[in-house]
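Scroll down for the structure; my scribbles are underneath it.
Which chain is which? They are A, B, C and D, in the order written, and residues in each are numbered from 1.
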């Protein structure tokens, strides 16, 4: 369990190193940003890596609050700091795979890995993945083009979803310095611009034959996305808290109908609703995260988590926080009058940033469909 | 912690004794219903009463699932089975008050207590309570009229919020058989009609002088309402699950555009959204309940809970489940075509039943205002 | 154009003969109700029948306000008073069909016709209609069972959608007193209970061979439903106005936080939103209705209206008013505290009544799909 | 009445001169843009100026479609092209005021006027306007600072709301070249960046004594804002149509689950809903505009319009289109997968652009409050 002290360290770091740098982060800064370096220097990077690998060992449940603090300061920074959890979760699933321990120990000290899964044609359907991994001699040769991958440029290790020769799918570990990897472009994203997301080509990248993780690659990714989706959802918590505090700051100096805005009933109702929404988002994220933590605490975590696949609560966390965060930001964007529609006020950035929660790692249609097919259609899995 | 076995017993009871009696419960049946008697006979009544008083000692966190099961079978029955928790929570807050132990032991075996707080004029503002409690000799004389009180008729013990002589407010225990108690009317409610809610007059009801609980009566009630609001919110979970299952039953035999309705993408999206909403409601209720449980597990529960007053997560649980449950039922009421608009189909009752969650024990405006004034306005309490 | 005087007569009639009879209309009264008789006696029945047939000739645009007034007084009554427009519209489409003039002249003086289209299996897909119309000698024999038909019992003329022998669909006029018509049941509807909707069996009903209207029966119905859908949508306007006025009456005598409720900013915001919603609903209904009026004013109305089929604005009117009316009623149902959740207050009936707008004559999914396929998919029809 | 031909000219102009210049308009281009010059050169600028002044005399009702076409091409451009209507409406209200005719004739040929009303402290409350107009000899001296004014820089004539010496408010005409006018800053707006909005200081600007329009300045502005609010609302129509068409273009080349996206039921439902929303927005704007047109067609337009003040339908148009447009854009922003979250896709700009509709000229809280106090509170004005 995270000591309150660790969270306090994160909060201090965020306040001192991240906050009030909105323009910097909003400007698509070169990756990795100096602030990511500072996070590692402070011993706070990749905080979820287990203590047995030299990490801080913060539970996923408590990581919700860590992300909330980082996102409160800057959602783009937060979005650059956590995606390594996808790869590290897959390494934890297969601790005996070659190099798993070495990589995890490396990540404990900072550093990045990235996942390359989505493709332009396939859209949300990973089963249409065209990138291939073919055995050539004692090498595995990966070939294809991936559409959206966060941190792919600064990562030292890439996890590439590829079609096996037998038509199945595998997750292949490709060191970043492998020959044939080309960053096609950095996406000019609408929000969370303090992070870097890339289109990447893999042209006949040859890696060691044992670089494919055991199991079905799509399933492995699905398992790892539980953690990732929960932390993405947690970004909405931080943004919601920030909007609430900006509103209270604004209202403190504002009069309406001859009384302080803070005494206006409509304003109070909006803020009361925002506060409740924040509470529900946090409880949902923490509950979902506790399920992941429980899986890793089980006697045979790999079997338990692999069998479970995508967790209902993790899917619901991302969908709910995406919807609720957007609703909250929509209300928030009207709280500051005309000023809130200008770049002189930070709320406009928060509106853009929070949109990402609904979009990335499965839009709402995808999530609804997945929940339906996994948890509603088979009557036995309803609860 | 509740054994899964207890929940299974509740589920069996609900399936066998409650389900498929919609018309019976919807007809304002005489209170207490035979089914409430059966619940007690099965040893399931007032399941949250601690083991030290002879109860089943189910935690509030697990009571969320108990309520969900009861409400799945019939929300009106569920609403009749739980309000005793308000009174029993106040007794637990003051275990050394006269008769607290005796009453709690009595409730462990079944039976009802009721709270009389709301008044017609005061509306949502308890500070305008006009009912008075005046010391006359060695008796406390209670006088006033209360607007909405569930189970007031069949309860053996009433908790009456009354204005003290010094202008403060106290919670006075009034045995139901005290002279001067008159049931003015039973409300003809729109839903949850398997329960009984009454308007009650108290005409110079004299009780023992030590019948007033320690502390401010409004605060005591507020603390007890945490449990109550969470269980009311849980009703929406059960109703949501029921609507989901009714929809799947209906879809199983229905064709649309030449394919089974279960394969229709719009239907799937609605059900996926419903399933996620159920998940978020449940996690919110359980998280809020865990906070109440933690309060009672603290070294000095009375001080901890009294100081905390209304819990943010409990308020958010009732508000969120009221909103989300209504949204879900609104969607649900359109899933069955014209049939769903007739009394031939149960969904119409579920729509009426779930409305109660938003209305009772503080409408949404009241909750938003309370959350604002308690948790947003004082910056230190934001999270 | 309707004289303001006609609307004033309707308003007086509604106030004197309809209002304050909520319990009567809510009790599934025998059809036709005495009030429908009074409507005819006052010369107000079937007000849209053109003057050339002896009717009042109120335009559909102005009929929106007529319906709003009737629904303000009682939505169930309003729903019993207008469905004859579907049949009369089809008669107007084919003025030279046998008996068209005679029937229209009869309707001008009052009386009812009913449409029998929906079937249990077919659901929203009229193309799956199983009821058949077969030529036997000089008779057309209609055979089948219809699921929902308003006024089918008290109507003198039925319009039956039936499958032709060649697999197409025709609209067949069947006098109510034809042998073989059986009212299977009157539906016990959730709301608009002042009207009567029936399940009807047609067992070898033989009618004159020229009883089939020209054209495709589904298309003819579609054209006639434009008028009907707009008037159903208009019911939401009347209900919205009623809720607004009930809220203002309630607020007039209510205090909140030491001030009249009418001065509370949250209350004001809700009522302001309700008023704007009423305005948008009314403008949408009137605009859609003006298009139908324009069609009938065209040189060749039959060709123009038949070619147009379902009008986008009519579909949007029903969908929007269904959604907005439900939203408005949802807000309204929370405006009266606990009282609004009892049968002591009329708002509970209004909530049930307004639900019908979304359900009848095409649920929202059906409307969205229809608008998509008719107006979005063929790029040339977008506007 | 506008000939369909005029609208066709606008459509051609928009397609040829405006469309596909998203980056140009999004870049805060220097004002007036060359495209505004081209609009005037094409004889399309200020299209609503009556023919008696040499204008095209397009009705406000038809101006809704003109704005929709311009906004379809670029909302920022549209927002730069119409605000002159506020000033020209005030001139039309007072045709006999000095120079009214001259100014109107000038505007018929193109050119801009701007309104300076809002102030930083006053926020939405014009009654707190601090800018003053004081008589000094034969001059009126205007002094103050205005917060948001569109086109203030390129306008030749400014309409300044100022406090009279007697505490009332007047609307003062101030030629742009008057000494003392300073553009404090151009706002860096979130959207509609093809237009220019400014903070402006007026330092002892002396104008002719007869430069104050008759009547209360706030009331005059309110009357003129009817036209403006309707045209702003119309921007949402154009943006909605654009999103719909972008979605259909995208779907044409996209597969989902082995079928074209255009055949997916969820996609169809979204587009069907969008199409209906567009229809309701348009009908509301046109209905509101027809009321303004009717006012100007009345025997004494000034008296009629001044007495009416803010029109319910105009307020509802802006509020509804703001809400519905935002809802539509929110849905739209999820239709294009991750690509829609990048600047490679135009939808992100449309989301930003449409937000303006809700913000400018009265946020939703202001509009709700205004509608409540004007049309709900006084029972006689409800409809």
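The criterion applied here is as follows: a contact is a pair of C-beta atoms (placed from the backbone, for glycine too) under 8 Å apart; a residue touches a chain by one contact, two chains touch by 3 or more.
Small disclaimer: the values here were computed from a predicted structure and weren't measured.
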**Complete:** Outermost chain relative to chain B, judged by CA means, is D
**Request:** Could you quickly compare A-C and C-D and let me know which has more C-beta contacts?
**Result:** C-D
**Prompt:** Could you state the distance in Å from the CA-based centre of chain C to that of chain D?
**Reply:** 38
**Message:** How many angstrom lie between the centres of chain A and chain C, each centre taken as the mean Cα position?
**Reply:** 51
**Item:** For chain B paired with chain C, centre-to-centre distance based on mean C-alpha positions, whole Å
**Value:** 40
**Prompt:** Residues of chain C that touch two or more other chains: which are they?
**Reply:** 265-266, 269, 365
**Message:** Residue numbers of chain A touching chain B in their complex, please.
**Reply:** 241, 244-245, 248, 262, 265, 268-269, 271-280, 282-284, 286-288, 312-313, 315-316, 319-320, 365, 367-373, 375-377, 379, 382-383
**Item:** Interfacial residue positions of chain D with respect to chain B in the complex
**Value:** 264-266, 269
**Message:** Applying the document's contact rule, which stretches of chain C touch chain B when the two form their complex?
**Reply:** 118, 123-125, 147-148, 187-191, 254, 256-257, 266, 326, 330, 333-334, 337-338, 340-344, 348, 351, 355-356, 358-360, 363-365
